[in-house]
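Listed after this line are the structures, all set down as structure tokens.
First subunit A sits with subunit B, and in the next complex the same chain sits with subunit C.
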Partner chain A sequence: MQFTRRDALIMSLGAAAASVLPVQAFAAASAEEILAEFTGGAAVGEGGLTLTAPEIAENGNTVPIAVDAPGAVSVMILATKNPSPLVVTFNFGPMAGSQSASTRIRLAGTQDVVAVAKMSDGSFVQASQAVKVTIGGCGG
Partner chain B sequence: MISRRHFFQASMAASALIGASGYGNWAKLSAQQALTQNDLLDFETTGNVTLVHITDVHAQLKPVYFREPEINLGVGGAKGQPPHVTGADYRALYGITQGAPLDYALTYQDFAALAKGYGRMGGMDRVATVVKSIRADRPDALVLDGGDTWQGSYTALKTDGQDMVNVMNALGVEAMTSHWEFSLGIDRVNEIVENELNFPFLGANIFDTEWDEPAYDPYSMFERGGVKIAVIGQAFPYMPIANPGWMFPDLSFGVRQDRMAQVVAEVRAKGAELVVLLSHNGFDVDRKLAANVDGIDIILTGHTHDALPEPLLVNGTYLIASGSHSKFVSRIDLDVRDGGLKSLKHKLIPIFSDVIAPDPEMAALIDAERAPYAADLSEVIGKTDSLLYRRGNFNGTWDDLICNALIEEREADIALSPGFRWGASILPGQAITREDIFNATAMTYPAAYRSEMTGERLHLILEDVADNLFNPDPYYQQGGDMVRVGGMGYRIDISKPQGSRITEMTLLKTGELIDPTKTYVVAGWASVNEDTEGPPIWDVLENHIRRHGTVSVDPNSSVKVVGT
Partner chain C sequence: MASGVKPRVKVPKTAAIGDVVTIKTLISHKMESGQRKDKSGNAIPRSIINRFTCDFNGENVIDVALEPSISTNPYFQFEAKVPASGEFTFTWYDDDGETYTTAKSIAAT
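Moving on, here comes the complex of A and B:
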């Protein structure tokens, strides 16, 4: 499965500006490498960032996710096992009413979705959730 | 809370007969001789609020036999915890005597023999008698249906659920939630909800996919005994994954724990003194939800078909499990004072159909619903020498028979039958009618497909379904049982992660290991894919049973289970 820019329907809230970098630029970059570039190697803490995603995707081609990070200047979303793990980075300007955003992403399979927020004081926090992509079950 | 000692004082002196099997003396003691309707309904009315819970009826209007599971494994924090307790362990946990009425109702052992003595269970006319009796004590008792109501029988299929809607309206249900309801298709569901149903259809976790807005009422407020009660509905979370999403393409479900916390806060802010969650999550999902979301007093659980004679208390929330197939009704009396729940008294009422008299009005309604189909329903197709049952994590004889039919009638190497938990049981020696076949197969996507799959694909399917059952985090479980497999054996280590649970897949007819690269002919039914082709499974099964006349199912030893 190939991730393309078109698959990310950007529906950011407030004054968020979303940037999706060209896929080619990161074709070979792993989630760890992308994370390291975003944080500049700084330690990443937890708390203050809420990532909302389904436990099991109803459709792996369009998985709704949302982030809420009061006080963040930007939030990056990584789909750790996609061919191109960087999904989107939301940047929040000083006039943003809230630091929250939602979008739909495509997942190539069961994996952790990770959100990393850069806070206004320069610190970083992250949250992650496993999202299962199934082949269809027998619930009953 | 009712004490174990007082539960079934009328239980028979069966202890002297422990060890008897087959058709021992105790099987001859009919429920009628040992029990009376008063014993079953006896309940000292207390407090100021009464809840009545029924769930997962699966369109069973008439009494049925229903064998509870022998294998029901819990994983993670649920390992060995109720409801993952069966047989002798179940009896020990709840102080039930072997061979007693509750043993027959709640466990699997000596099922065929006990069934001869105690008879069928359930029947909505008997349920109506129970509800009327409770309302005689407490006229404003709140009657709630946990869903999986409109699917599971010949008549529900033929009437698009109308027979069940009429019966539940007549019963005086006051709110419901849902799962298989949506397999009637979104247009029919909305037609019923808007025009047919006398009560709200609740689902706090049902959203439209386009705008991510609530699609149905999340809750309903009631005032009973001077108490403000919020009943929140929670539909089956994995509707579009476990069942065909194309039948309701614009809806999204999910556990949505944060949403539930918001709704609880909202109803509390509106003055709810008692918060009841009418849930189709499945027991383990509800246990986790209760632990993580504060402020829910009662969860009336459904979906996983568990019946527990006592509530389970988790983080201040009482979980009530009321079984399936109209076999049980739970009555819960609550004392709610000074804005909070002070005490709870509960009874899981087993609906012994030979003991509880049918309510005449409901019996007449049910007869009228069934009358147009009487000849089709009662036609005898064949006979069984074996007990036919479905429940159990890995296999049941009903699905073994279905897999045999798929392999023979569709000339396949391997057969797959979904791990549904609904389907009534048939006793050895009993005739199999068309109604019986539909009780095990009636649903709206019955095509019996025949296709080719590689060994690798088969492995992927088994691993995928196994994770739906044995993922240690309940929020990743879907609440069905393992897909049933005919023609192929395998080993499963339930303690392993997805991808490494299933090994030793073996083609039974040759004894050879399944080759990941080789292609096999696979027949199955109930695919969630829209373009599935094939005859309906009930035709395949009917042809098979007719051809054999009398069917028998050998004990299934082809699944090796470890890591329990």
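Moving on, here comes the complex of A and C:
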């Protein structure tokens, strides 16, 4: 087999990804723990929450995401495979025009992005989307 | 102290009373995650903005808790009610205790 420039690039990317893996092993708190703390162990339903994220993000350093959760008090975003999975928490005040917001986040690699919303009646809903990341965004 | 921090905010100048307006904010900040290492292998200490709030005439619109996974130059877009003329105030809280504030007034007709 002859190595083309493209093959060499792909292999070096793979090697770089492998060298990052041990760093992620000692994540501060897992996504499940953070989720349990946010919901207090309550059941998390589906629906009523829209998470918009790209299917493929070329650059993990800045991935645009948007959430829309009518009737929510707060919305938490988790990136399940980031070194610290908690990304951001939006708390909506009385003057919020709608329970929607968008921002840009870092993703360490291909993974599921999860949004969890706390509704005004105290229930929780979640939505998730898989995002493919070509270049990770957490250094390493 | 993070250098060159400059908040930028986009708010419409006028709106109809009771309207909902879209607000865009951006602050230039390097958002050092604490995960990266410098050339000699030492971890670069975390230096991020950890909280952002927006208020309208003293009432809260949005209160955001930021974590290291937020991108460089944190950008937010959200919507706010405009029941009367007034002023939006925006505050960013840095890890080093610094706060950056800016304000924009809006005329409701």
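Simple rule for what comes next: the second predicted complex is superposed on the first by the 107 of 140 C-alpha atoms of A that agree within 3 Å, B and C clash if a C-alpha of one lies under 4 Å from a C-alpha of the other, contacts with A are read in each partner's own complex, and residues count from 1 in each chain.
One rule holds for everything that comes next: contacts are C-beta pairs under 8 Å (C-beta built on N, C-alpha and C of every residue); 3 or more make two chains touch, one makes a residue touch a chain.
What you see is a predicted model; the values in this text were computed from it and never measured.
**Student:** Contacts for A:Ser100 in the overlay, against subunit B (first) and subunit C (second): which applies, first, second, both or neither?
**Tutor:** A:Ser100: touches subunit C, not subunit B.
**Student:** Let me test your reading of the model: by the given contact rule, A:Thr52 touches which partner, first (subunit B), second (subunit C), both or neither?
**Tutor:** Touch status of A:Thr52: first partner only.
**Student:** Given the superposition on chain A, which partner contacts more residues in subunit A: subunit B or subunit C?
**Tutor:** Looking at subunit B versus subunit C, the one contacting more residues of subunit A is C.
**Student:** Considering only touches as defined above, state whether A:Thr89 meets subunit B (first), subunit C (second), both or neither.
**Tutor:** second
**Student:** For A:Gln129, decide between first (touching subunit B), second (touching subunit C), both and neither.
**Tutor:** After superposing on A, A:Gln129 lies clear of both subunit B and subunit C.
**Student:** First (subunit B), second (subunit C), both or neither: which does A:Thr39 touch?
**Tutor:** In the superposed model, A:Thr39 contacts neither subunit B nor subunit C.
**Student:** One more residue to check, A:Thr110. First (subunit B), second (subunit C), both or neither?
**Tutor:** first
**Student:** Considering only the contact definition stated at the top, list the common interface residues of subunit A for subunit B and subunit C.
**Tutor:** 102, 137-140
**Student:** Considering only the defined contacts, which subunit C positions touch subunit A in the complex?
**Tutor:** Going through subunit C, the ones touching subunit A are 20-22, 33, 35-37, 55-56, 59-72, 74-81.
**Student:** Where on subunit A is subunit C touching in the complex?
**Tutor:** My answer: residues 23, 61-63, 66, 79, 82-98, 100-107, 137-140.
**Student:** With touch defined as at the start, can you tell me which subunit B residues reach subunit A in the complex?
**Tutor:** Contacts found on subunit B: 180, 212, 236-238, 240-243, 245, 252-255, 258, 418-422, 460-461, 464-465, 467-468, 471, 473, 475-476, 478-481, 483, 498, 526-529.
**Student:** Which part of subunit A faces subunit B closely enough to touch in the complex?
**Tutor:** 52, 54-56, 58-59, 64, 102, 110, 130, 132, 134-140
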